[in-house]
Amino acid sequence: MGLRTGDQYVEGLRNRKHVKVYVMGKRVEDVTTNLFMKPSLLSFKATFDAAFQEDTRDLARAYSPFINEEINRFVHIHQGPQDLVAKVKLLRALSHKTGSCFQRCVGWDGLNTMYIITGKLAEKGKPVYRERFLKYLEEVQRRDLALAGAMTDARGVRSLRPHEQPNPDAYVRVVEERDDGIIVRGAKANITGVALVDEVIVMPTRAMTEKDAPYAVAFAVPLDSPGVTVVVGRQINDVRKAEGDIDGLPYMSHHEGLIIFEDVFVPWDRVFLYQEWQWAGPLVEVFSAFHRQGYAGCKSGLGDVIIGAAYNLAKQIGVADKPNIVDKLTEMVFLNESMYSAGLAASWEGKKLLKDGGWWVNPMYANVTKHLVSRFPYEISRLSHDIAGGIIGTAPSEFDLKNSEIRQLVEKYLQGVPEFTAEDRLRMLRLLENVSVSVGFLIESVHGAGSPAAQKIVFSRLYDFQGAEAVAKRLARMRGPEPPGTPEPHKKSDVEK
Amino acid sequence: MGLRTGDQYVEGLRNRKHVKVYVMGKRVEDVTTNLFMKPSLLSFKATFDAAFQEDTRDLARAYSPFINEEINRFVHIHQGPQDLVAKVKLLRALSHKTGSCFQRCVGWDGLNTMYIITGKLAEKGKPVYRERFLKYLEEVQRRDLALAGAMTDARGVRSLRPHEQPNPDAYVRVVEERDDGIIVRGAKANITGVALVDEVIVMPTRAMTEKDAPYAVAFAVPLDSPGVTVVVGRQINDVRKAEGDIDGLPYMSHHEGLIIFEDVFVPWDRVFLYQEWQWAGPLVEVFSAFHRQGYAGCKSGLGDVIIGAAYNLAKQIGVADKPNIVDKLTEMVFLNESMYSAGLAASWEGKKLLKDGGWWVNPMYANVTKHLVSRFPYEISRLSHDIAGGIIGTAPSEFDLKNSEIRQLVEKYLQGVPEFTAEDRLRMLRLLENVSVSVGFLIESVHGAGSPAAQKIVFSRLYDFQGAEAVAKRLARMRGPEPPGTPEPHKKSDVEK
Amino acid sequence: MGLRTGDQYVEGLRNRKHVKVYVMGKRVEDVTTNLFMKPSLLSFKATFDAAFQEDTRDLARAYSPFINEEINRFVHIHQGPQDLVAKVKLLRALSHKTGSCFQRCVGWDGLNTMYIITGKLAEKGKPVYRERFLKYLEEVQRRDLALAGAMTDARGVRSLRPHEQPNPDAYVRVVEERDDGIIVRGAKANITGVALVDEVIVMPTRAMTEKDAPYAVAFAVPLDSPGVTVVVGRQINDVRKAEGDIDGLPYMSHHEGLIIFEDVFVPWDRVFLYQEWQWAGPLVEVFSAFHRQGYAGCKSGLGDVIIGAAYNLAKQIGVADKPNIVDKLTEMVFLNESMYSAGLAASWEGKKLLKDGGWWVNPMYANVTKHLVSRFPYEISRLSHDIAGGIIGTAPSEFDLKNSEIRQLVEKYLQGVPEFTAEDRLRMLRLLENVSVSVGFLIESVHGAGSPAAQKIVFSRLYDFQGAEAVAKRLARMRGPEPPGTPEPHKKSDVEK
Amino acid sequence: MGLRTGDQYVEGLRNRKHVKVYVMGKRVEDVTTNLFMKPSLLSFKATFDAAFQEDTRDLARAYSPFINEEINRFVHIHQGPQDLVAKVKLLRALSHKTGSCFQRCVGWDGLNTMYIITGKLAEKGKPVYRERFLKYLEEVQRRDLALAGAMTDARGVRSLRPHEQPNPDAYVRVVEERDDGIIVRGAKANITGVALVDEVIVMPTRAMTEKDAPYAVAFAVPLDSPGVTVVVGRQINDVRKAEGDIDGLPYMSHHEGLIIFEDVFVPWDRVFLYQEWQWAGPLVEVFSAFHRQGYAGCKSGLGDVIIGAAYNLAKQIGVADKPNIVDKLTEMVFLNESMYSAGLAASWEGKKLLKDGGWWVNPMYANVTKHLVSRFPYEISRLSHDIAGGIIGTAPSEFDLKNSEIRQLVEKYLQGVPEFTAEDRLRMLRLLENVSVSVGFLIESVHGAGSPAAQKIVFSRLYDFQGAEAVAKRLARMRGPEPPGTPEPHKKSDVEK
């Protein structure tokens, strides 16, 4: 098997047995032919095709020491900083192909997370999880599976721990332990790409206490497992995507959804963590840093699309070289490259968490990346709207352009400089609108991989305030024992200790 | 006649003779029954009903000295600062009723602008425009007309003046002068509410030179005048508005469109400016300051809706009293009230431009208002998304909630604290999504009443840099003749000179 | 008596009996001749001279209904919104004369606060405080006294209430009650202008509980009362002010200090609040809103100085008309006028708290003002440095310019365009440095009248979150009883209830 | 020779023959004993001592392939990305020792710049500059010299090129060519550390045209060369540094100054560029990117000092764990680490410009670094003041604390929680004041290595707008020839072409 093409991936989805997917309140038998799902399908597919396209082939492939084969990078276990860097570069390049989230990162980050966590457990004397996981990993790599990563639980009342919830299923939990496996119940929300994957890796979403042990569970199941239901969520401008060939159809998109486990059976060889409640926190820490780093790539890639669209629209009305436009364009570049450079730092400064590998990103810079991403895209979006002009919110539909009664009028008055037509303008405006106010560029930038408040907590943990205080005390010649030399600026994460 | 109810307004629209309105490429015979237009119709209608509803009755009415009757404030000529203040307060209150732009301000600001400009011309010895305008004004007030204000031309190549354009119709112009009136040709873009008005007031969009004289024209025409075509523009989430009763239908909205004049005849008594090219600049200055002031009201009103929705969503998951949530909520309040307070200042510090009235806003603070509005709503939007959680971009559709197969699952996992249901959560999420990523709250905040760069130009004109420099020189005891006492911080606008 | 000139004010200071003032560790017998105090003295003096200078005479005077005389506005009780507006306009104009804080606002705001609070107590049936205060007010107005307002206590451990502190004197308190008055002990910190006043009005700094009753005390004492000690604090660039006539001397400045009460006797007729612990909170609320409003004037006035200096420096090197410089200058104008317009709104929307007067600012907009002031000056400062060039941090001293060996070299290489000399450049650079990195423009903007966190608390109290929620619920058609009409956006302050 | 200790460096300065240095208008014979210069001397000295101190020894040393010896890293030519990373890490660590700019980076960046530029010229067939430079480099490394880098010319009228200036010496130029060398005239401004170096490397400050050829000159001279005069500039709080042992003395600082060349002779073997006007632009590009990268280290190091001081001050009054304080502290961390991570990216993504080395930083990320640095320090400063409380601008002097009459009072009322004394508080407040409003943290962050506008120009050059536009066109399915695959996001610098 090995590397699959996009078409093979789609074919694979079609062969899933009996997946329960609901879209806009209707059961969809074949997601690969559903118009609502099409933009998302095309975007997911791009992650497979990238491994065969000249411009991304090298970035999109990697060599797996586990199966001794070239594989799609989206199922690769990072073997060093170079791989971490390649990740963000690949994601930026892929955004250029899709103009949207391509939905395959969460599963990838889930694989790398479970590799590290099961490895840690093995180093601590519990090798069983690692043995299971490695077998699973080989299968994923051999079959080039499309994976979703499912972390965020329904969560009910946010201020209560899992075992304290009025709804005991507010967090996914094990409701029965059997000889051959476990029975799980609960739901995971905001799951990117979930209707279009082969399998889903499920992980806990928060640190836990001993009483939460039944909730400390990580596993993988095929999407067509009995008891699994997926409800696809709505997004800004979703139904428009099924319209015409300017306003909606050409644009790729992504989807997120709710996945519900109604007493789903998971055989032991797919259970990668169970009752090890002390490891739920480190697992979240490892995963979230991986995923926060990745945003450097995909969001700056969307930033490129937006900058390119704004630049073109400025050209279309003859103002691309006006100082105030240039100033806004370069401001967008600055904001965009800031996000990207933080992600590069998180990658180059990656850390080895296991004796024999287990490469992780630098958690401080990964969190810096995500926190920048939680702010700058709204500003990039605003600047792009400023450059595009009011027409970005008032342009006619493509059907006006195609109506022979008014076509000529629309063409006459929508055109800017003679080099571009009204259709050129409409196409570029729609692209900009679709990308700059999308869930993928705005909402996901705030919440994906954890809300801004989560990054702030990491900053408070990783930054060595006492060390910085010692530096200040020494410089202030404050009385008391001389603090020792220059302290490290950052403390170790729990998982590094 | 006098004050009309909302129903009377709708009835009036139905009685228009032959309006050429295109929506999504199709001619719409009756806009009052079109589903695409409905959210916009309801919002426009609210401006009439407000004059009859207890909570807004006083704000929404005013006494007209022109017809000696109580009229709807939206056709009132401001008689002093109190009226200017009442304007922003009314707009804030109306936003609470609609959750969207209600589209009647541009026409209102157009009336007040033409009142001042024709008054100025009269004071300079050209009373004819004023005579015509006053007659028109009385009719508008008596019939309580719904007016659009049309300013932004198609503009073609932005760096060229009207008479230099490759397309001579890129700006609306007079193509023929007749005994009984003029023939105009061209188009106006981004015209708010344009398909749902009785008449449209057309004004030039920029300062002009003598060669642009045929473009220096202001007039009013009924929307059903021969030769007028309206193409309604698309907006974010537009077609969704025609769906169900949670995802789209309940929400009001607004529309903007392109209005095209194909050799439309305007009788002389409807021509309020013609060839007076020197007055195009002051007209734009007067209008834009009026319209920029208004945003203090409507945008802070939408801000209230967003804050209220975010607050409720925080309550629904039990976090409304967490310090980081309170901090974000109060930050939103601060941003929102900043916009509002600048508008109040612009109103209270209003100026009298005519010997017998002609109350204008303070242009410096009106521009400060709009410039704040061009930035803060994106930040308010971002903060609201932060508080709402990732679900704001991933929530299921109402049809999932209504599908008996999965309803129970969606209800179980969408609920937060027991006091609220999943439907409560979905309703509030959809409201927030519809308002916080709308053209009305984002794009219009950037571009309405002029792009941010236009405000910067006003700042450079109105701020007395030489005066500030003289202050600095005196404090620095710089050599040279002692500059005179404390300078005025602001210079006079052209229209005040 | 009545209105005093600046010279009469200085003469008055000299006639104080025995004031214990420490400056840089030394007891200063006559503060009016001390070089360290001179810049501050000149600035305070300007508040008196303004009443006699043509350009500010009208603003700086007001008519007192209490003594039926024209008085200096700095001891005036506001008689309506016009007076509140005149306050911010006067403060802006005065900043132009001083380029620094002029230190007389706290006392003024203290007078207006005590007028309202004692008035409220009278309305509640305790007229004694009001009687005493009115007598005191008449004296202050008749003698045109220079007053400090002292609010911020030493405060010790911030998380403990006054009566819980390890140091019982961490908040000023009454240690003994006598027939003829009270004995007070404690200290007030960060007291603006304290060494250069005739008297000081002392007020509690926070809301209190019954156990804190001895701390709920407000009174006035002459600065030369036995037991009073003042320790003048240091400021950025303080000692430089005593140098030459370019680097330091010409610039005015302000000072703040610690005032310590070591068992100071206060006769009953100077005690304006005692043991009325329920009124400490409202008193702070009233005072802080007054003082927060004022910053609109003085800080935007300093902003004018900085803009003027930056503009001149840009001219000196021939770049004042470059687009990127104009953009920064107009950005500074925008930020500056934003602060000012919020203050105007707070003034025009002022409220009457007493049956027969007691005009207060609008607390919401006053807090918006201050919160803007807590952020924008740092940005204005940064932009001014950007425009001024690196030389703002590296310019030679005036003594280099005056040294005959190197004067020619410095002149040759410091000059920009021929119209200005090296001395011109140095003078303007020093002015900019002195104002843009001063305590008055930076630190005081953050902390004066309460830290940013204090404004956030006010936002959370005054904004009607439940009202906004009701608006959102109605728009979302959320189930449950229909919330009533449009809610007020703001709730009432405690003092208004 | 080789590595020198700090004391040996100071000794070396004393042995300079006849250096003409002016401080505050007076010729200073021995800068090593001058109180005004002392804080700066200590800071410079720290760069030498770091090579002998345990905590920085490894970072501060490097192995030179040119002299086959271990050398101080400040005279090292980077041999790969690891060296570039070591640079920013060293600078961050050194800031912890000094709390100020340590002034040795410009010379270091100058060495690396000249290494690359002379190398490029050699590759283009002009080896003479490289030969001279390598000889010079070996001497610098062997003698461990303290070097200043001098780039910014006096510049006169900013809008004119060097040869167009009314003052022909506004840019440093060759006024005479002799057999044994050249005679140079002109001045360089804002030169960091200039009075405390052994030698100065002079480089052109802008791109040039053929007519500017005499200005296209780079060379090195000892500071005690005949004709060289240094005028040390003033800084915020400069003279305070000579006071006591709390308010000023303990703090290190830096200085910048004007260096004037009055017909100074430079022998040919010290001339590294002459009349090669085409190389002036690339030289500036190479240098500025090096220097912009470095700010990631030193400014984040100062950020650590400020965060540490603010954290300690919060502890001193018992609020370090309050949510609003934690939020501000973590915000500071975020801003600080953002700057740092961009610098790491610029280092790891470094480029090899010469066939046999010539490692340069990535110019895009280096400019991102500096642009972040041009904004964030003012915000970090503001937040630190917010946390510290108003006392940061009003604290008494150390002399008040030492005056027996009032010491007890100051101690009593300045203390917060019992664990810290008033002296502790004063020491930490002074440190924070000295660092957070210093030229080094504010002004230099804006202007050092080029003003913000300069980075914007680089963004506009390096970002591939056409590439981004092609991406957008393809996604918008805009007509015309299909643009080729994913474009590179960045274009090459001139020096890379």
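As written, the chains take the letters A, B, C and D, and residue 1 is the first residue of each chain.
In this text, contacts are C-beta pairs under 8 Å (C-beta built on N, C-alpha and C of every residue); 3 or more make two chains touch, one makes a residue touch a chain.
Composition by chain, UniProt nomenclature: A, B, C, D = Vinylacetyl-CoA Delta-isomerase.
On a predicted model such as this, the values are computed, not experimentally measured, just so you know.
More than half of the residue-numbered contact pairs at A-D reappear in one of the options A-B, B-C or B-D, namely B-C.
Comparing mean CA positions across the assembly, the chain most remote from chain B is D.
Each chain gets one centre point, the mean of its Cα atoms, and the points for chain A and chain C are 50 Å apart. Chain C and chain D have Cα centroids lying 38 Å from one another. Contact with two or more other chains is made by residues 324, 327, 456 of chain C.
Of all residues in chain B, those touching chain A in their complex are 22, 24-27, 152, 154-160, 166-167, 169-170, 187, 189-190, 229, 231-240, 243, 247, 256-258, 260, 262, 317-319, 322, 324, 374-375, 378-379, 381-382, 385-386, 389-403, 405-406, 409-410, 412-418, 433, 437, 439, 442-444, 446-448, 451-453, 456. Put simply, chain C touches chain A in their complex at residues 323-324, 327.
Across the complex, chain B is touched by residues 53-56, 85, 92-93, 96-99, 245, 250-252, 304-305, 307-309, 311-312, 315, 326-327, 329-331, 333-334, 337-338, 340-342, 344-346, 348-349, 364-365, 368-369, 371-372, 421, 423-424, 427-428, 430-432, 455-457, 459-460, 463, 465, 467-473, 475-479, 484-487, 489 of chain C.
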